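You will see two complexes here that share chain A, one where it goes with chain B and one where it goes with chain C.
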Partner chain A sequence: MRFDTIIIGGGLAGLTAGISLQKAGQSTAIVSAGQNSLHFFSGTFESMLGMPPRVVDLFAEAGIHLHYTPGVRLMSLGTFGKAFLALEDTDLFPTEKFARKALVVNFAGFNDFFSSFLAQGLEKQGIACRVRLIHLPELDPLRQSPSEMRSVHMARILDGIWEKVVQEVRVLIKDEDAVILPQVFGLQGADIPMKIRQAIPARVVFAATMPPSVPGIRTQMMLHRRYEILGGTYLMGDEVARAHVHDSVVHSVATKNMDQHFLTGDHFILATGRFFAKGLASTPEKVYEPIFGLDVDYSPDRNTWYDADFLKYQPYMRFGVKTDPQLHPMVGGEPLKNLYAVGSILGMTRPDLGSGAGLAINSAFTAVDNIL
Partner chain B sequence: MNPNEFDVIIIGGGITGAGTQRDCAMRGLRTLLIERSDIATGATGRNHGLLHSGARYAVNDAESAEECIRENMILRRIAAHCVSETDGLFITLPEDDLAYQQTFVERCRAAGIGAEIIDPALARRMEPSVNPDLIGAVKVPDGSVDPFRLCAANMLDAKLRGGQVRLYTEVTGFIREGDTIKGVHTRNLQTGETEDYYAPVTVNAAGIWGQRIAEMAGVRIGMFPAKGALLIFAHRVNNVVINRCRKPANADILVPGDTVCIIGTTSTRIPFEECDSVAVTPDEVNLLITEGAKLAPSLSSTRILRAYAGVRPLVSADDDPSGRNISRGIVCLDHESRDGLKGFISITGGKLMTYRLMAEMATDAVCRKLGIDKACETAETPLPGSDERSFEAVAKSIWEAPSTVQKAATFRMGTRASRLKENDRYDDALVCECEEVSVGEINAAIERLDVSNLTDLRRRTRVGMGTCQGEFCACRAAGLLAGSHGCVERERADLADFLTERWKGNFPIGWGDTLREAEYTQWVYKYVLGI
Partner chain C sequence: MSQYQEHTESVHNFEECMKCTVCTAYCPVLQVNPLYPGPKQAGPDGERLRLKDPYFFNYALKYCMNCKRCEVACPSGVNVADLIQAARIKYEQGKPKWRDRMLASTDFMGKMARPVAHLANWTTSLRLTKSILDAGFAIDKRRSFPKYSMRTFEQWMGHHHKEQAAFPEQVAFFHGCYVNYNYPELGRDLVKVMNALGVGVQLLDKEKCCGIAMITNGMSRQAEKNALHNVEVLKKAVEGGLKIVATSSTCTLTIREEYPHLLGVDVSEVKDSLMHACRFVFERLEKGAVLEFRDDFHLKVAYHTPCHMEKLGWGVFSERILRMIPGVEFTLLDSACCGIAGTYGFKKENYEASQKIGAKLFEQINTVNPDVVACDCETCKWQIEMSTGYKVMHPISILAQALKDND
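On to the complex of A and B.
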């Protein structure tokens, strides 16, 4: 099969590149192994310091509305992190003291939302808190299995009975000016969280749960849908097994599911993520890129890969493939002319492009501009 | 009566101390156990978890071999819920001397160990993961034992018999009158409170740290700390213990335990000062992997979960300061006859397998001092969790619980799992998916087993010991703990400590899937949860 551009990896970076190229009239295919970092997306775009219209438009056309509110976001354990750009149902506040009094609400038996940590974190900021549980018999079927009380399963039920949740919260609320709820609403779209906000007479803040992230999975589905509407070919559940490269040019790749049918293209984008996503692999001796055998920037002394303090920045997170200014990765110091590396597989080799979601989007745009 | 007065004070919350407390309590004594950290934090929790048949010692140390097989049979009865009767193989590889096998079997039989030479083909059927190149195999009654569970069960039984336990409490000095130890000064390391306790006899059961305790009392015990490093693999590759049939050497035992298997060990003499901070070196990791793959070749491609090391409390045979005459046997010292110090006993040396015998010897010595004539019954009386009811009956009695909870809880708690009968649906929810630990089991441990932090909870329930190493369950369990003690600030610090402790065993083997998992965990905790 032939496409203008083959994209390996269907996460935020791969989808951003795919949507942009399809819109520009290219025919593209995305090979996606399945889950990606959007499944634990916080709802905010790390290292995106501004509000680039190009980003906002791309998301808006997929039905995802962003807001730009430089300030802080509330994290699951009651701490705060800096953020600028976020999904419309993910709150950002100018300062940590965003309310006077808050009601923290959880669902009985949901252990993936840390209401006591949230309340204590908020009280440190001078926000008085009450923690309350809502008992909903509608969630009982999930309890039949001991591992079903997880965010996404709950969202499937709660999206259908959100009005009942609103009633329960309205009964509980006293003089609070904020209500904190777990992010277990809006699996199909942000409309339900937004309706909940309007129906409760206080500021409603949705705080992240343990992964999977409901807004993250929704974002993934909406970008995926937008990509297919634009005519993109999304090969779900497949992986690139090997690549054919001659004279520093990639000619085709073979996937695990379509062994004899090569995917050929003029350009290739590598958006396979870092270690967790298997974009990079490691042995006791080395760190390597498994598809093309690309040059990786890493320390050969394994003892320097880690910091013994779990909470400190870990040096291995810097490792990434080496690229030239156009994001062409290299083999033996020689750039591959029609291959581009984007997203977290770059590690911290390109600090100018940011990190996290910011790196995914910025590097995808850079690659797209070079291809077009 | 002064509530701080006891018949006997036991220093050390490892298996020896816990066993001694149980034995003393069973003989009617008022007991207090003092431990500066949590239960099973020293050598007790840092070994293979091998239920030795004694075969390993048969050729070189007949006395240890005989002790092991006797205790092996006793533990199968009294601690059935802590033991897996897996059997063991001693395999001969092409590079080993097959002639050793004959000597080995003769010595085993002389020690009373049922050793049986079997056809290598049968060995391969019995244990499909074994190195297929083996040229000889001997079947022995090895097994595996969960040392955390065993330690907790001994302590629980002592408590049910009126014993008291002070965890996170350090002995800061002895109360001494003339040539007699009358009690101890202590400090609670969590609250800073100091307290004095009194008893006519104090037992030093502090393992390798017993040297310091003895020094504090003004007597000297020559300890020779020997570090042993081990690796835990993420799968239960073997169902039968695999040993090498040769003179004991490095990394020649592979033990299945719960959902994992463990290869070990190395043996390196270390300075006493390093006992509190042993770490596994890259060379040790390489050696364990290379040697382990000779026992079961699939280990070379199996994910490693963690690396850890313990310190064996080897003691020089009494009054031999040179250390030439190191014994792995049990050393029970009455410091009155040895050093002229009354009211003080040290029980040390020995091994996990012989803890009950060590406890019996120490308790006999205590009783002699107190003039009590009561026989030891620990070899016949089952521990809590292993009483006469069958595990099957207990699993059935909690039939309303999901099957995973039934199996996992009965496996870990033994007959105590019948407590989970009163569980509701909320209690059935899984906190730890890798090890299938439910909310109910966690709450039972918090209520009954002296849990004050996540690491304590791990030792009693296996929370965070599985493939994800606490990625998901740590936070959930922290939520439950915060709910029970009510202090979120403390739990926040506890969560960070727990993750750092898990990481300490992960980064020495931080490549492949271990690094993948670590990256995910570190990312989620830092950027999503915001620890």
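On to the complex of A and C.
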């Protein structure tokens, strides 16, 4: 099967590239080995250097509204991190002390939201906290299998009874100027979280739960749908087994499901992520890129790959494939002319493009501009 | 160290599970049935316990529909559904119920019903019969039953053998129980399409039911017998230089993947030669074959990718074929399970869950309001027709209808 561009990897970077190329009139395919790290997406973009209008437009056309408010985001354990851009139902604050008093609300039986850690973190910032549990009989079916009481299953029920949640919160609230709820609303769209905000007389902040992420799955679903509406071919659950490369040009790829039916294209984008998604793999001796055997920037001494203190910065997070300025990755120092590496597989090799979700989008745009 | 790593490969890749929970977000059963422990718990997590002691086997694993959506979603390549079905085969005690045997024996039931097809169809459409099946066998009375045909596809092929053999190029057809006993029209449509591509169609040397319903209904030994037989007849065809096509996405997946993964039957000699008919047609057209289409053909088609077609990763072939037909207005429906999962939805205890799972798909079909829904799976067809009232056609049948008649 022939396409103008074949994108390997269906996460944020792959979808951004796919949507942009389809919109520009190209025919593309995305080969995605299962679901991706959008399922752990907090709803905020870490570094977004330049290009916000372009990102905002691309998301808006998929029905996802973003706000560009550089500041800090509240993380699941009550700490804060820098962020620039966020989903409409995810808050960014100018400073860590975003409220005077906060009511932290959780649902009885839901173990994937650490309300007391969160409260401790906020109190460190000088925000007085009260933690309360809401008991909803509608969630009882989920309690039959406590290990499956997860954010997504909660959202499926809560989206239908959000008004009841609002009532319960309104009863609990005293003089707090902020209410913190877990991100367990709005699986299909951000409209329900936004309605909840309007209905509660305090600033409502939705804080991240343990995976899977409800806003993340929603984002994945909406970008995926947008890509397919634009005519893109999303091959879910397939993975590239090997690539056919001659004279530094990629001609086609063979996939696990298509076996002898090769996918050919003029351009290829590698958006396979890092270690979690197997875009990079490692043995005790080396770190390597499994599809093309690309040159990887990593330190040869294994003892310097990690810090024994688990919570400290881990140097292996920096590893990534080497590219030229146009994002062409290399084999033996020789760039592959029609292949582009985008997203987290770049590691920290291109700090100018940012990190996290910002890197995914910036590098995808760079590759798209080079292709078009 | 690396010499140890080489040996860490686990059965169905279960050691690869990172506990990321992505599979649980995509399991259709977990969304409607709280008694089901979910793919992560039932699959890799449970496997760890079961390996220690079979005591930990959980009978709630029977709620798994084997739709394979967990495997398609898994970012780590764990064969979650295989783990669950393999555990059921290994640990489930006791004999399958009469009801399950009846539902699983599609071949046997077809043979029995065919000579009295009219009577059988009339009887199973009666409210009284449905009530008896419901009360006596726990087959839900709200279901409509597939109709049986008076003449099997094999009988029809018997009359057309000579003209088919006259084509210079030949392909063998694994028709499956459904085409043979219930819906020979689909088989005839396939023959028409293949002939238009200059290819004649042959039967295999007596195929048997692929056995998927037996696997999921506790009859894996019978399934294994069928598998061994089918692999033999497929081998014969391959040795004769034939490719084999199938119209059923589930039969295709079962032979290619369930046989080796769940029944331990080696398919390496036949796997590459067996493909879904839509892929075969697409590849022919890609290589330059030309089909002539009617110029008065207009059809609004909404394509539903069956779960097993998603697992095969081949829905794109059906999609491409449909999009290519002049006069087709095409919509790709969102990836979702229709809820029937073969015999699963026929069981009284699963009826409610089955309809709830399909609700989103039915709603989308109603919104799109197509002339027909296209789908490669026979049981999806029953479910969607019963639940939405829209007609469901196989992409091959739509293609056959759009072809210019040369006679």
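Please note the rule applied: the second predicted complex is superposed on the first by the 369 of 372 C-alpha atoms of A that agree within 3 Å, B and C clash if a C-alpha of one lies under 4 Å from a C-alpha of the other, contacts with A are read in each partner's own complex, and residues count from 1 in each chain.
The criterion applied here is as follows: a contact is a pair of C-beta atoms (placed from the backbone, for glycine too) under 8 Å apart; a residue touches a chain by one contact, two chains touch by 3 or more.
The shown structure was predicted, so the numbers you read here are calculated from the model rather than taken from an experiment.
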First (chain B), second (chain C), both or neither touched by A:356: first
Partner chain in contact with A:211 - chain B first, chain C second, else both or neither: both
Touched partner set for A:281, first chain B, second chain C, both or neither: first
Touching partner for A:145 - first (chain B), second (chain C), both, neither: both
Which of chain B and chain C A:235 touches, first, second, both or neither: second
First (chain B), second (chain C), both or neither touched by A:308: first
Touched partner set for A:345, first chain B, second chain C, both or neither: neither
Touched partner set for A:46, first chain B, second chain C, both or neither: first
Which of chain B and chain C A:181 touches, first, second, both or neither: neither
Interface residues of chain A shared between complexes with chain B and chain C: 40, 144-145, 147, 211, 276, 278, 283-284
Complex interface listing, chain C residues touching chain A: 1-2, 5, 18, 20-22, 24-26, 30-31, 34-38, 41, 71-77, 272, 279, 282-283, 286, 310-314, 316, 319-320, 332, 334-335
In the complex with chain B, residue positions of chain A that touch it: 37, 40, 42, 46, 75-81, 108-109, 111-112, 114, 116-117, 119-120, 140, 143-147, 149, 208, 210-211, 213, 274-276, 278, 281-284, 302-303, 305-306, 308-311, 314, 316-317, 356
For the chain A and chain C complex, residues of the former touching the latter: 1, 33-36, 39-40, 141-142, 144-145, 147-148, 150, 152-153, 156, 211-212, 217, 225, 228, 233, 235-239, 255-261, 276-278, 283-285
Touching residues (chain side chain B, partner chain A) in the complex: 282, 285-286, 402, 404-405, 425-426, 428-431, 433, 436, 438-439, 472, 475-476, 478-480, 482-483, 488-489, 491-492, 496, 499-500, 502-504, 507, 510-512, 515-520, 522-531
